[in-house]
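First the structure, then my questions, so here it is.
The letters A, B, C and D name the chains in turn, as written, and every chain counts its residues from 1.
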């Protein structure tokens, strides 16, 4: 039986993200925590959720987590698989995605994200992979959920590069740029759940995971963290949630560890 | 056995058009004479010719002539069938078509075509079907072949509406509009074969079908017809050509005459 | 999220007076049964979008449902002219209609742009063509890299799209195959969509991954109408009723003959009549 | 008109020093065998286009073939960074490279526009994003109907595209299935194209009509290379070699290890080695 008391912060993050998803959602899924969260949601409370990976696979139901955005199982279990231009034109730009997931190398308090470079763009200290789908995921999905592990290196006062636009300088900055979608509405970390303030759009801690203190949240965050007046404790993983996640990861481990080319 | 001496002007027109096609051509085919010509070419000297119908069927080889641009047999015998937006974007606009066929309700000496209205556009005497694919067939195909039966009503001094652009006012008018394709390079009628003059781009009779006189050509043409200095006689249909066309039409008649809904 | 409904309910809930509507199908899969239901329910002041208005719009226009038609080829394919549409344009019978005319390339691009959520379609078109002189919705943009002038037209964003397809599964996913035309684009471009299908099956388990499928959450309403494309055809089910297209040329040539035909074949019957019409095809 | 050739001939005839080239395949069907042949033939000063440069371009960049890379995501999918590409950008080893960076949407649209024969792609993108400040090839056009500002990027028109596919028939038609990515667009956008395939069959008689097929007259050269996508995969033939992607992270971390790996696995073997690599996958 699952030991409910020893869940990890990562597990809590994934499960908290899964809970934020519903049966009617159409999710643009990235690899890693978002993929785990979406599939836990599908295997628990949201069996009819639609998962889309940018490789063109629409309505997939993988039995194990994909290692890449275009694993064969995503196609095999999909309702349909379309070309990548169609994916970005009809499905993402067409406004059909309710929730897009983004991760971040650097994140600021307004949900702006950098995954491009550390340092100057033209003379980078570290050349990161870049945006991929992120710039348009950030503007075309109805809402954006961000998942990341808290660290002062990642949650910074000022990001080095605007890979994707969150709430900019806050307030109605999105509207001023003619962006009609809501942008980041949820930040789920290994320590807490954050939501943008309705007015300023600054991320505010609305719930801390069990055992997490305000100090811990602040120590791992590079900006001065704001806490909601009605701060809650995130309900710990249920047995179903934790078992589902762990079994999914065990199946994934087994499936991907096995085969190797000559 | 085929009686070679009693071929009709229509048959001569279709066969003359078929002869102008080669194995390497990729043809954008319309219904009627063009469809018959392309399929006669395919069944005689150009077995590998690629026939494309605007319904999305690429590389079709119908056993009978389609009654509509989207008959089921076109799809069943095609190498592949794509969506109509893809047809117009990747295949026509993409510059992959070597020869586009056009017919005309009105045609002028420079290959400009009207199939839109007789009379004023906003108060038409006769509302014709309109251009369909013609405006972009005329500009995107490498060459355009025109087929029509000669009549003063159809071959006119001035067309009422520019459904599709041929050589405009002649000369380098296409280039001046930034059109990079050759435009109409061949006009095949029931009486003669016409080609544009290399300089003026005015259609000039280069070959008359057997038994046709200059007077007959002029009587059925609303502009003053020019004749090439090296006017030829169109070789009459060969037995293979005529048999192939007649058998194709007999198969077509049989296939389409038979079934009827309740 | 697709609802399974009767055709009467689907048209009543999704098509309103004054709507901009597309009944699409490129020769193949033309949603005749749905159009007949719209005629029976007497919708008014519709703006009809369709590449080839065809006899399906000839019937709707002849019955006075349309105030405007946006189109690119107004013919009876393989037969000739559309006589009811001409009567409306030339003689305002039974009412005058406005027309907005494009090329096929333009219409196909406008649907594509609608599905892609763009305000306009950009393509290389209308060079030297007369339509851009008479249609103020044909404009241009300049390529910021080459300076080339490209045509631009507004994206199609119909209030509702009607299409016919081979089958739906119980979840409401729809399979369209064969000559797929602009149907996927029309459905994705529209605010609401109604799909009539030949067949409803339990699931789609063994389909090839790259087929044209409309997931259930892109479709508003699904209606089971066997034969619902007649006299057009459904690949894998029945052939085109070419004789009916020829016959239409005669029926539509005369106002009284037309009205009598509509009374007998549309007003006094329901969608269940279509199954019988495709027997033997 | 497709020619059937050896990989050596196909690369020699179609890829020249200084070419703009796309090796495409979105996770699936990445043409590794063709890239290795380009390395063996020592092509120089290439401009490499690819949405996800991936380990296939990491190898080419590490061997100094590239002068410029046009891309949207420079990672080892599911693993991490591209260490050879970083070394070239950060330390100019073995040579400096220029980069032109886009988003996925932008790259996909640029291929689409290339296939469509347009000079530029128009889409809704880069709102508030930093790339448009650093990439002069991200510009805009204004919708002439709504006034909305849309992003514009130049169409991709590579000199040559390399893709891998499931099969070709004897006429030279090519079938691509599963995750089809941008391969059709890359081939149609390119002046020349080389397709490596798992299998050559007599004909395609029983294929569904709506599959992704490149007709023979759109392809320049076809090469039979079983396993030619390894360590990527071919749907219906073999799975992805995930271990090889993980291993690459170590190999590519060290210049000497990298050079030794290339010598052993690329320079001293030929395309026939690929068939063995996918055994057991």
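Basically, a contact is a pair of C-beta atoms (placed from the backbone, for glycine too) under 8 Å apart; a residue touches a chain by one contact, two chains touch by 3 or more.
Bear in mind the structure is a predicted one, so any value in this text is a computation, not a measurement.
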When the centre of a chain is set as the mean of its C-alpha atoms, what distance in Å lies between subunit A and subunit C?
-> 40
Which whole number of Å gives the spacing of the CA centres of subunit A and subunit D?
-> 28
Multi-partner residues of subunit D (at least 2 other chains) = 112, 116-118, 123-124, 148, 178, 180, 184-185, 209-212
Among subunit A residues, those touching two or more other chains are 75, 81-82, 89, 93, 140
Could you draw the chains as nodes, link the ones that touch, and say if you get a line, ring, star, complete or other?
-> other
Which chains touch? The pairs are A-C, A-D, B-C, B-D, C-D
Contacting residues of subunit C [partner subunit B, same complex] = 26-28, 51-52, 71-75, 77-78, 81-82, 85-86, 89-90, 101, 103-105, 108-109, 111-112, 123-131, 134, 148-149, 178-182, 184-185, 212, 230-231, 233, 235, 239-245, 276-281
Which residues, counting only subunit D, touch subunit C once they are in their complex?
-> 116-120, 122-124, 137, 139-146, 148, 150, 152, 154, 177-178, 180, 208-212
Name, in rising order, each residue of subunit A that touches subunit C in their complex.
-> 24, 26, 50, 58-59, 75-76, 78-82, 89-90, 93-96, 140
Inside the complex, what are the residues of subunit B that reach subunit C?
-> 31, 54-57, 66-72, 74-75, 81-85, 87-89, 92-93, 116, 121-122, 124, 126-136, 138-140, 161-165, 168, 173-174, 177-179, 256, 259-262
Considering the complex alone, what residue numbers of subunit C touch subunit A?
-> 1, 112, 115-118, 173, 184-185, 188, 204, 209-213, 215, 217-218
